[in-house]
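Two complexes are shown next, each including chain A; its partner changes from chain B in the first to chain C in the second.
Right after this comes the complex of A and B.
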């Protein structure tokens, strides 16, 4: 947005109230996140005041369970990293398939992408959970497929489709002059793609890819619905172990919200920063 | 129609492909209820999330620093935390703090049921994204247009309502479209607090009939169709609202 600075003292150019009327625009600073966190952290203390004298205080209980919950959160991160790795690998191939010169490869890749992109994450997770066998038998070797592995596969399906779209979008966003220039330099299609097009695409793909990672991290809690013991499951179990005290509900759930916020907010900030840095000035 | 339903029973007997939600009238009723619930949930959340988006974007242009900070805090908080945890937080944590009301049967029920909490939670979640989308659209409206309106004596609300929003709306429709598709997919989360939507009912049916594969494939197709209908409608609307001379 452009701001107008009137470099004149002609009265007719001045706004009515005498000050240049820049429409205020708010930029989020890092400390705003700190304020939010403060508000969230305050809520356990507030309910601490409500709790009965005979019971352990809310803060005490939360501190007692915190190591376990953080371990669960690390498990979430592990799931997210692996799902992202698998999804990116397969998705990149699918995305390249979408710009293939063979009509049927293109159509197939497009159909797969659309199918997995338009299905809810939770349904895909159920899909992987219930339809994959609990162990695989390849030759004489039995490979067990534990729940968390299935969760990784289930979550990597939508990631794959989204990465495919990111790759396709980045490639088609490049000016066609790049292709033509490479062609005139006698590059083969493969060389053009690997040496000219994709290196330029990485920059464009990075912000949406990070955004996707953030979304994926937040989606890992879905695994609790299908019984993987990650942070949400552990929170439920911790609450049950404390005998279903209602005053614990708000602090525990806010704690989960906060740890996700602490992890995802810097990623979001960084994404915005990269977007600005890579933006083509137009 | 009966013959059509019977055909699926024959299909089951012959091939083992079990689709009880077609031939069994009880399961059919459950599935239709689930579909209806998903549609209802989606439409109500779509409406409220767009309302939140419009109001939020207006507040973000406010002259008061704290109003803008508050809106931004809301956006960042809801964008960077898992929607499922938000749903649990609303339903279990805030829901348990609310007073309970007496029902007509003499018992006690929570003030807001699981459907209401699902609507509130999902609307706030999608609304946070909508605020950002609307803001980007408002920024895309040329400053000179706003200044022209100011010169004509429009008030801030009038400018927003009559000048900025109609223009911004056309710019943001693709992004809004994307977010609304996401919202429809996110309604499956209501499963976690036992709102009887499509996934929940499908789960009930596959628990009774042990036909997970068929139900899963049906679910995927059903959501695909639901999203497809929404995208088709939004694309038509997009074309109808197109400003001549802009875009391809």
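Right after this comes the complex of A and C.
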């Protein structure tokens, strides 16, 4: 079949015959969180001993800044949700392009996917930051493109490419008998895809898609490098406002790590659960 | 040219088919009249599956002609969907849609492809499920059914399109021995009702019983063919004799 030209390297997409090949892949584990919590709890007490009299305690300072930092974190989540939504929408179309019957559509979609999948996320972010104009003029209407919007677009590019691969991998991993059965029942290609193939792919796509989302969430801190006021930027600003006290560094950054952990760990667990569940049922 | 019932419903003429360098069919011809049941037998790899897959255009051919009710299958402008409404197919691996129940598997194509009324389709789908003796399994998913039951759903699914001819590709080869018979009985029922059937099978007893004509293929050619009685008892070609002695 023409759609089987390229082999996937996504582990979850491997054909189900034989044992799945285990490739090293980062996964949040509970002990990661335990270590973080330990650092966060220990460091204030340790550094408390070092801090001069007259200064507010580390915990006090952290509590004072916490609402702002959490607001920053919510901004990270907003970026992650929109980048995921855009990346998924465009990436799904690109993935379907990769299995198109038109050779040139297939090749173009493949090339775009490979390009964005094999570029560093930070470079793509810079690319979006500095190549996109600060405003768009469509007809008479001027749409401003603030930095956070550009960050969303920049981060949605690698998401798009990965979703494209997930879709293509899921479609090509279905047994060809499904295509043939549908074809022999006079389904058009479009009907085959939408009624038979894609509904079966959703299950296969969900775990890698969730994994991608949690990677994206962690990557949203890259936006601090290009000046978006997300949690890392705000942490830096808070530390500066406190006069660069070195005893605050570890607690503050540990706090940021912990909120990311609390958000991403359940997603990682759920992904593992779904993977196991679907692996049993097939 | 319009087709009439006194002409073959399926007419295969000097068909050549290659996969790249490998020539799998080397000039195959056969005719199937309306209501006839023909069985194609032969060693594995001799091109039996390829031959019947060419009849509903799942495989293309390089040379020759295949007419189904007067429609030329070997034609760039062939309307494949129209052809496949006439030709049903049942596969060795059943290929049911695992995300749909037995009933939905049977109902989907008539609703989506033939655009028939849903209530009518459901009524006839239930009747078909009853016909393949699976009453009570309407809401089971394929994964909950035995191989033989799945294969009978697959037959019902194919029948729901009201095809004029059905292709069966070793439909009992993947089944447990104890469920083979229930599928063969279903096919026999169809044959007795006058359905035109083209079967690839290794079930010689069955072939002898239901077939109007037997074709023996080896390495891409039809070596010998005839009525079951003469074919099985008076085979002439040494290759046929050897094959029959191995399998009987």
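A few comments on the model shown:
We take it that the second predicted complex is superposed on the first by the 236 of 282 C-alpha atoms of A that agree within 3 Å, B and C clash if a C-alpha of one lies under 4 Å from a C-alpha of the other, contacts with A are read in each partner's own complex, and residues count from 1 in each chain.
We take it that a contact is a pair of C-beta atoms (placed from the backbone, for glycine too) under 8 Å apart; a residue touches a chain by one contact, two chains touch by 3 or more.
The shown structure was predicted, so the numbers you read here are calculated from the model rather than taken from an experiment.
When the two complexes are superposed, the chain touching more residues of chain A, out of chain B and chain C, is B.
In the superposed pair of complexes, A:65 makes contact with neither chain B nor chain C.
By the touch criterion defined above, A:75 reaches neither chain B nor chain C. In the superposition on chain A, A:195 makes contact with chain C only, not with chain B.
Of the two partner chains placed around the shared chain by superposition, neither chain B nor chain C is touched by A:213. Comparing the two interfaces of chain A, the one with chain B and the one with chain C have no residue in common. Across the interface of their complex, chain A is touched by residues 56, 58, 80-82, 84-85, 87-89, 91, 93, 95-99, 108-109, 112-113, 143, 154, 157-158, 161 of chain C.
Chain B contributes residues 60-63, 65, 68-69, 72-73, 76-77, 79-86, 88-89, 92-94, 96-97, 139, 143, 146, 181, 185-189, 191-192, 199, 203, 212-213, 216, 219-220, 223-224, 227-228 to its touches with chain A in the complex. Contact residues on chain A toward chain B in their complex (touch as defined above): 1-2, 4, 23-24, 26, 28, 32-33, 35-36, 115, 118-124, 126-127, 130-131, 214, 217-222, 224-225, 232, 246, 249-250, 252-254, 256-257, 260-261, 264-265, 268. Listed in rising order, the residues of chain A touching chain C in the complex are 175, 177-178, 180-188, 191, 195-196, 199-200, 281-282.
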